[in-house]
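A, B, C and D are the chain letters, set down in written order, and residue numbers restart from 1 in every chain.
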């Protein structure tokens, strides 16, 4: 589904943050991405959802070479990918409910068709009673859960989650992990970037470790 | 040093987020603050650095009743308190170095008098080579470390850290903990809000647990 | 508890029971932007007001200038000097008859001796007997149809047929006044161009400033897979509304201010000075074109605002990939 | 490795060796704000330009109006009608002598017959012999010191001493022209007030919009324990600079535009119409007060910008606790 071949990335004229990344991500697979702070996890995730172009190498996403992609084709591709940003990126002028419903709105769906989905998902992540408040008054963990809910809501084919449990307590982290697993069980490939060893230990999943710009994979 | 008596807090007309908090924090003490996401840890920290007024009860900080404090007295008091915000709050138009040096600048200090301190501290938190970049290009963990450095730099009498290791890997978290301990050894009272059980387990410190608005303290 | 991910059945019931029936999608995707948006509307309103006001003033001046030039150009005078042995009254009558026959002439009228006397009174005193004096007589010829009238032909005919007659076409005055009027119109149009440039700059910059706060929104929408068209459309719609709001407020105020000015000047009809102003500018009635111009100004401003926001979105978007 | 917290010794060496010698505190605490700041400067410049231009135009009109009113008001005419059995030349000389003695009068001058003839030529034809006519003679009295001059006293003296003499103080014309001039000045001042209100609103709102992006900065400085005074001072300084920059650009452009207008009109001296404009508005020289006004406008705008930013900071701060 996703294939990287000898991918290298540097920001501007800086050193190479990632070098010679060669791996692939299978449909329906589940993997953790880990590595020390500043290793390049977020950078790799940005490559995966077309927010960065590699300095060298080949990336193919859903079978399409990203170097050959036209701007006009990207939105359709992006809609098949859900992203949980490390810094949440909620829109402050929309309520939690509206933030989570945003991907549906962007698709032009009628509200009646997704309202129940959004409400159920918010209940599951424990934001049932925070639906109508705006992100600035949410606690750190609540924001994080809203960001997760937004990424999941359309059941994308590929889910990227950047440090999705950094601000929540361990029981809640387990609950969220169950959500990711459920999504995976339904066919979504999931990649979770995390430092949380406790979280990774709960699951016998593939681990991708970035260190000094190189990737090692432990199946 | 800090004393709370029957403190209650509600936001607007909502339910009471914190109720009947009675505790004190001794000088030179070290404590963790924990509790589920949304329990009120950040709220308690905001009360502690005078960013919120309690709905009821009495708070005294450095021996002064906060209800009687005049606006003009607050800056002096705040300067004795260092805060690591859960969302970092770095200024995007200042470099990492300038962000960390900000408390000194606010004090009107001459740059020559603190430059070495700032550089040393940045080296310690592993940002030695990120001194001159702006926060938007820092990784999550790098931002967090910059925020920690800014809170520590003036060696305040009381340090509040809200989830200071949520975005860093365990070895780095241990390193940062050492920094907090060192500061504590020099006389600073430290309060760290965290979900990270691994971090708390490394230290036999007082634990303050908030759950359902109530505080329980395990010495 | 089951994770909420696949629920074909529950969804069916849910859409009946509407568990979230109290939730509505009220908020627009583009933030309402308390301060930046209000500033944009205000700047647009102020600039539209000033530009609209200038347009109104310039069109009043323009019309007045037209009126001056044509009023004066619509008259020529035949002067008949008394010559010895010529019956001047007969010559005057001949001149009137000659002029009336001329193509393009609406009418000709001799100035009576009483009128001439009144005109000369300041110089000669009230009691002068003009009949004793060799005072020339005047015939005022008013022109109906300037196109078919030829002042040269009249001049020739008068020189040929009327003894002691000559034609004064006020050419000097017409030249001077129309030059003055066109100078004023020129200055007015210059001022208007200045205003329009200022208007465009202000609107473009204020719109871009208001857009600057929206980079996050654009980014998030983009990463949610929104088409560029969709994002640009959202912003364009909102900024079109800002533009219409600001433009309408400013345009309405400009017309109102003009109305008040007209009323104030009309109301002071008895006051000294009012006559002069009225003589210069006409009755301060706004020509219909002024309304049309102000209206199209408002439309142009709204479109400009929308277009600027669209371009700003496009620029942000192309910086994203 | 030791934590970097207590290092009295290392610090001492460090300040010699300067391990961070390449680090400098270049960035201002208040962000430079690419777009919002540039917009603010532009809006200030445009509004200052328009207001400055209006001030310049209004002061030219004001001066011209003064000049008209005083030119006309500074002359009265003594008219001496020829009476039978009176030597008119002697009366004219008496009148000149009488007027010259009068308090406040600068000089008196009899209009010669040749001049009178020229004035009457359009009415009487070129060849009239005025000596045969009872044409009144005129004495132009110019007034130096309007305060000490009394037209009534002169009128009485002339009526008493000069046979056939009467005083015309052009009262009607003075009234009319000064009314017209004051109407124009009134309109100009009205326009100027409008411009100033627009200026103030734009500056206040644009400043507040530019400040809106700074809430974070204010908050962080506040939580770092900065005094309100310090924070407000930082913003005030920067916004004062914005204000000075915008105001100076706008003010300079206004003066420049005025200069170009003066040059263009001066350059067209030969053209028809230019004389009229010059007659109406003087030589388009900007009075010194206009420069002073534009300059104080710039200063006022800069202060207004700084003050608005200060108030915005204060408001943000008091919302924080």
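A few points about this structure:
Rule of thumb we're sticking to: a residue touches a chain if its C-beta (ideal position, glycine included) is under 8 Å from a C-beta of that chain, and two chains touch if they have at least 3 such contacts.
What you see is a predicted model, and the numbers here were worked out from it, not measured in a lab.
Identification of common neighbours of subunit B and subunit D yields an empty set. Of all chains, D has its CA centroid at the greatest distance from the CA centroid of subunit A. Subunit C and subunit D have Cα centroids separated by 26 Å. Centre-to-centre, using mean CA coordinates, subunit A is 64 Å away from subunit D.
Subunit A and subunit C, compared by their mean Cα positions, are separated by 59 Å. In subunit A, there is no position where the chain touches two or more neighbouring chains simultaneously.
Counting partner chains per residue, subunit C has no residue touching two or more of them.
In terms of which chains touch, the assembly is arranged as a closed ring, every chain touching its two neighbours and no others. Pairs of chains meeting the touch criterion: A-B, A-C, B-D, C-D. Interface residues of subunit D, counted against subunit C in their complex, comprise 34-36, 38-40, 42-43, 46, 49-50, 53, 81, 116, 119-120, 123-125, 127-128, 133-136, 175-180, 182-183, 187, 194-195, 198, 201-202, 205-206, 208-210, 212-213, 257, 261, 265, 271-277. Within the complex, the subunit D residues that touch subunit B are 1, 3-7, 10-11, 14-15, 18-20, 23-25, 27, 29, 31-32, 216-217, 219-228, 230, 318, 320-321. Here subunit B touches subunit D in the complex through residues 49-51, 53, 71, 74-81, 83, 85, 89-95, 97-98, 101-103, 105-108, 111-113, 115-121, 123-124, 131-132, 150, 152, 155, 178-179, 182-183, 186, going by the rule given at the top. On subunit B, the positions that touch subunit A within their shared complex are 11, 34-38, 41-42, 86-87, 126, 137, 139-142, 144-145, 162-163, 166-172, 195, 197-198.
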